[in-house]
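In the two complexes below, chain A is the common chain; its partner is chain B in one and chain C in the other.
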Partner chain A sequence: MFSFCTDPDTLGQANWLACYLTTGKHMGLYWSFVTVLVLLAITAPLALAFGFGGAVAARSQIAPLRWFGKGYTAIVRGVPDIAFFMFFVIALDQAFEWVRHRVLCPSWTEPVRQGNDFVVCAAAKLPLGTAPQWVHELYGFGLAIVTFAIVYGAFAANVLFGAMRAVPRGQIETAEAYGMSRRQAFWRILVPQMWIYALPGLSNLWMLLIKATPLLFLLGVEDIVYWARELGSSRQPRFTDYPHGDWRLWYFLGLLVFYLAFTKLSEFVLERLMRRLSRGQATMGAT
Partner chain B sequence: MSCWQTIQDYGLRAIGIGERLLPREGYDLCQHFTLIGSGMIWNIYFGALALIAGFFIANAVALGKASDRLWLRKPSEWFVLVFRGSPLFIQFFLAYFIFLRLKQAGVMPWLTAAQAGALLVLILNTAAYSGEIFFGALRSVPRGEVEAADAYGFSGWRRFRRIIWPTTLRLAWPAYTNEAIFLFHATTLVFFSGFPTWKQQGDALYYARFFADKTFNPFVPYPILAFYFILLTLAVIGLFGLVNRRLNRHLPAERRAKMRIRPNLIR
Partner chain C sequence: MKNLILTTAALALSAGMILADGHSVVRMGTEGAYPPWNFLNDDGEVAGFERELGDELCARAELTCEWVVNDWDSIIPNLVSGNYDTIIAGMSITDARDEVIDFTSNYTLPDPSSYLASSMDVDVKGGVIAAQSNTIQAAFISEMGMTLVEYPTPEETIQAVKSGEADAVLADKSFLTPFAEDDADLMFLEQEEMIGGGVGMGIRESDGELREKFNAAIASMKADGSLNALITKWEIGETF
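What follows is the complex of A and B.
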């Protein structure tokens, strides 16, 4: 990257490191940090929306909808989230392809599952076989986002369900006494007030989400764990200008420091937010 | 091949007893249930041992964090910060590469095996999380109880052992139950995080993924895995519920802390 990197004399000098850390592959590593941040930025609101939907469904008066909501909030209690990740990535992919197969190739008579294969017609493949590489990567990333949102949405649903129940009953009763309908009382009284009760749980969830981002690696996305393993493993002088031994230890140490800084920063910001939102509330944290 | 034969062949496959090769054909329900179930041996091994060892360290960490002495408090705080502030997945990787270095230096080569190395990481991880829980509980021990203990002439170790510690445990127990459940869930990460599987002896998720890769059908192995884990979770809740009842036995019925299993409390 730097002009002095072309000069072979820099080897063994201090700026060797500057050259080493700016190779094309290291740029991939730095971009994958952006990937993690993008994932968080998209997943967090999406999971919150899923969670809100789940919590509302769990409170519904329509029985099947309530069962669905309760079931959704219950799934995360008993089963490891990693299992969900691995399941949903394949299951969603197959579900999308199956639906497209049904719509796009109605004349196809063979079964979709043939022994140990999952066969759909070429037009239903996702992404299409002719699609460029970046579409494949984007599709994989999109599947990962939806998977994260489903799993952490269930956590969020738990939090929000609890928060809705924590709002004092008297508030709703007052709203009803003023002649508000159920819908009005929900949107104007319950929802604005529940956030303060939900915030501790949601900040916990945010931490969980941050700490779950390395699992992207298991979903087949080229994330920071992938690059740290790739770049850290030992290099022979024959294949690269920057030969080194097994440096994976140092790369992962770097990742650890990154996550520590990130969670610490989040903690600081969330605490400020908590203090801000507690203002004027009749809770212990209010000042 | 009958199902009984499959169970004999693969029931203990995860610890190296029985058939040497994993199944190559059939992939029927019986094989799924047997092999994933045999993988649960490792999940229970990691979870149970880490829980027991972590419990003692967690108490020490909680006391360290609550200590007045700086040289006790600072290390405990840092320990909790590092293990709670970073993903377990990264901790596994980092620990594995540290163990690899140690092995090359000839120190404790057995730590690179998952049975020892990953267990150590899990112990430290759960110790940090539970230490934080116990610390929080320690700080919320009612002042009146401590004053009553003083009035009765308890002091030092006896006051801690007879009054403060039981109350701490009682207050911490619902959250600690949650932590135990999360720990068992976290054991599924072990074989996906650098630690190599030896002779394909993996945990339940390892075998579930094996089947999902072979049959390209995630709708059978993962629900089976979920079934096993729900059983395990219920067992943990039941066991911890018994302890909770014992910890609360002196309280009048209406004041007993109800066990509320809420995953949003911790982690």
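What follows is the complex of A and C.
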């Protein structure tokens, strides 16, 4: 990156480090921080939306919808994250490709499953084999967002379901006494009041989500933990201009600081939010 | 929120609108953590013996190739499900793997696996031996009834020996040699094991056409000596 970096052997400590920390590989590391933050920024609201939908479905008076809501939370919460990431994502990807295969290549006669192989016509590949690598990464990233949203949405659904039940029954009865319909009472009375009960559970989920991002590498997206391990690995002079020993400890220490700072910041924001939501409420949170 | 899913899906779909026929782009899956075979250079690009070999093979077979880095443990499942088209990652040809995927003809000769230890008097039979999981070396150690500790990356097997978690590491000699030469604390044991049937590219069983193309390219590189030149350059082992 810097012009003096052409011959690292001649450099002093500070210059060497400046060059070392700006190699293309380190750019990969810095970029992965952005990836993780973007992932969190998209996944968190999406998971909340899934959770809200799940909770509303679980409370529904229509039996099939209620079964769906309850089934969703029960099944997803019961399956280990890592199994979900290994199995569900591949299944989802293959389901997309299978549908595209049916639509785009109706004349194809060979079976899709050939022994161990999953073979669809070239036009049905997702992304196409010809697509540049960044498209493949974006696709993996998209799959990751959907999967994270489904998994964490199930937990959020359970939290919100509990929060909705925690709103004092008297509030709803009063709303009904004022002549509000079920729908009106739900949106005007129940939803605004439930957040205060949901927040402790949701803040736990947020913390868990922050720490779950290394699962990204299972989907082929290079995340910060992957890069930390790769960059920290010892290097011999014949394979790099910047040979060094086992530096994983330092990289992981860096990650530790990042995660701690990020969760601390989250705690601070959530605390403020809690105080804001507690205003005018006779609950435990309002002190 | 639903818009986000839609946008993501739309992006993925519109990106897929470019027309394709057959294997106009061949995606090459590698591990990127096994020097000198394959590793990431300072720019974060795949480099090493297999990078140069793969690029030359693609040129000879008139294919456009793209390099993809994938975790070793999931490298076969991701090939089978079609995330890339070949595995070129120092993978030895074994019967167990051949049941799941196909291999091209080998581009290196069977190379002895060596023990790298922190002292010369390590007893291989009684000691703890480190190996990367899902490798021929790991299979060999457990078959022989020795004590095996597995690690997901090659780097961690070396660090296990340095930290004393394991007494020795069993791996391809070409991978261990730089460590033995550069690190005074690590040395080769005299005992070596002849395992594996040479290294080849892994290809889906349903992809016979691609396999033939690479077989032809490998044969032409063997014939004109350019493969031997690469093997010597990267100190991979015996030449053909």
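Note that the second predicted complex is superposed on the first by the 274 of 287 C-alpha atoms of A that agree within 3 Å, B and C clash if a C-alpha of one lies under 4 Å from a C-alpha of the other, contacts with A are read in each partner's own complex, and residues count from 1 in each chain.
By definition in this document, a contact is a pair of C-beta atoms (placed from the backbone, for glycine too) under 8 Å apart; a residue touches a chain by one contact, two chains touch by 3 or more.
A quick note: this is a predicted structure, and the numbers were derived from the prediction, not measured.
Enquirer: Could you look at A:233 and tell me whether it touches chain B, chain C, both or neither (first, second, both, neither)?
Expert: Once the two structures are laid over each other on A, A:233 reaches chain C alone.
Enquirer: After the superposition on A, what does A:118 contact: first (chain B), second (chain C), both or neither?
Expert: The answer is both, since A:118 touches chain B and chain C.
Enquirer: Just checking: does A:259 make contact with chain B only, chain C only, both, or neither of them? Give me first, second, both or neither.
Expert: After superposition on chain A, A:259 lies in contact with chain B alone.
Enquirer: Does chain B (first) or chain C (second) touch A:94, or do both, or does neither?
Expert: The answer is both, since A:94 touches chain B and chain C.
Enquirer: Looking at the overlay, does A:142 come into contact with chain B only (first), chain C only (second), both, or neither?
Expert: second
Enquirer: Residues on chain A in contact with chain B in one complex and with chain C in the other?
Expert: Shared contact residues on chain A: 86, 90, 94, 116-118, 217-218, 229, 246, 248.
Enquirer: Considering the complex alone, what residue numbers of chain C touch chain A?
Expert: So the residues of chain C in touch with chain A come to 1-2, 4-5, 8-9, 11-12, 15-16, 18-27, 32-33, 35-36, 39-45, 47-48, 66-71, 74, 77-78, 80-83, 85, 100-101, 153, 155, 158-159, 162, 178-179, 182, 204-207.
Enquirer: Quick one: which bits of chain B touch chain A in the complex? Just the residue numbers, please.
Expert: My answer: residues 27, 81-82, 84-91, 93-94, 97-98, 100-101, 181, 184-186, 188-189, 192, 205, 208-209, 212, 214-219, 222, 225-226, 229-230, 233-234, 261-267.
Enquirer: Can you list the chain A residues touching chain C in their complex?
Expert: Where chain A meets chain C, its residues are 23-25, 27-28, 42, 45-46, 49, 86, 90, 93-94, 97, 114-120, 122-123, 125-133, 135-136, 138-139, 142, 145-146, 217-218, 220, 222, 229-230, 233-234, 236-242, 246, 248.
Enquirer: Sort out for me which residues of chain A touch chain B in the complex.
Expert: Chain A residues touching chain B: 76-83, 86-87, 90-91, 94, 113, 116-118, 155, 158-159, 162, 201, 204-205, 207-208, 210-215, 217-218, 225, 228-229, 246, 248-249, 252-253, 255-256, 259-260, 263-264.
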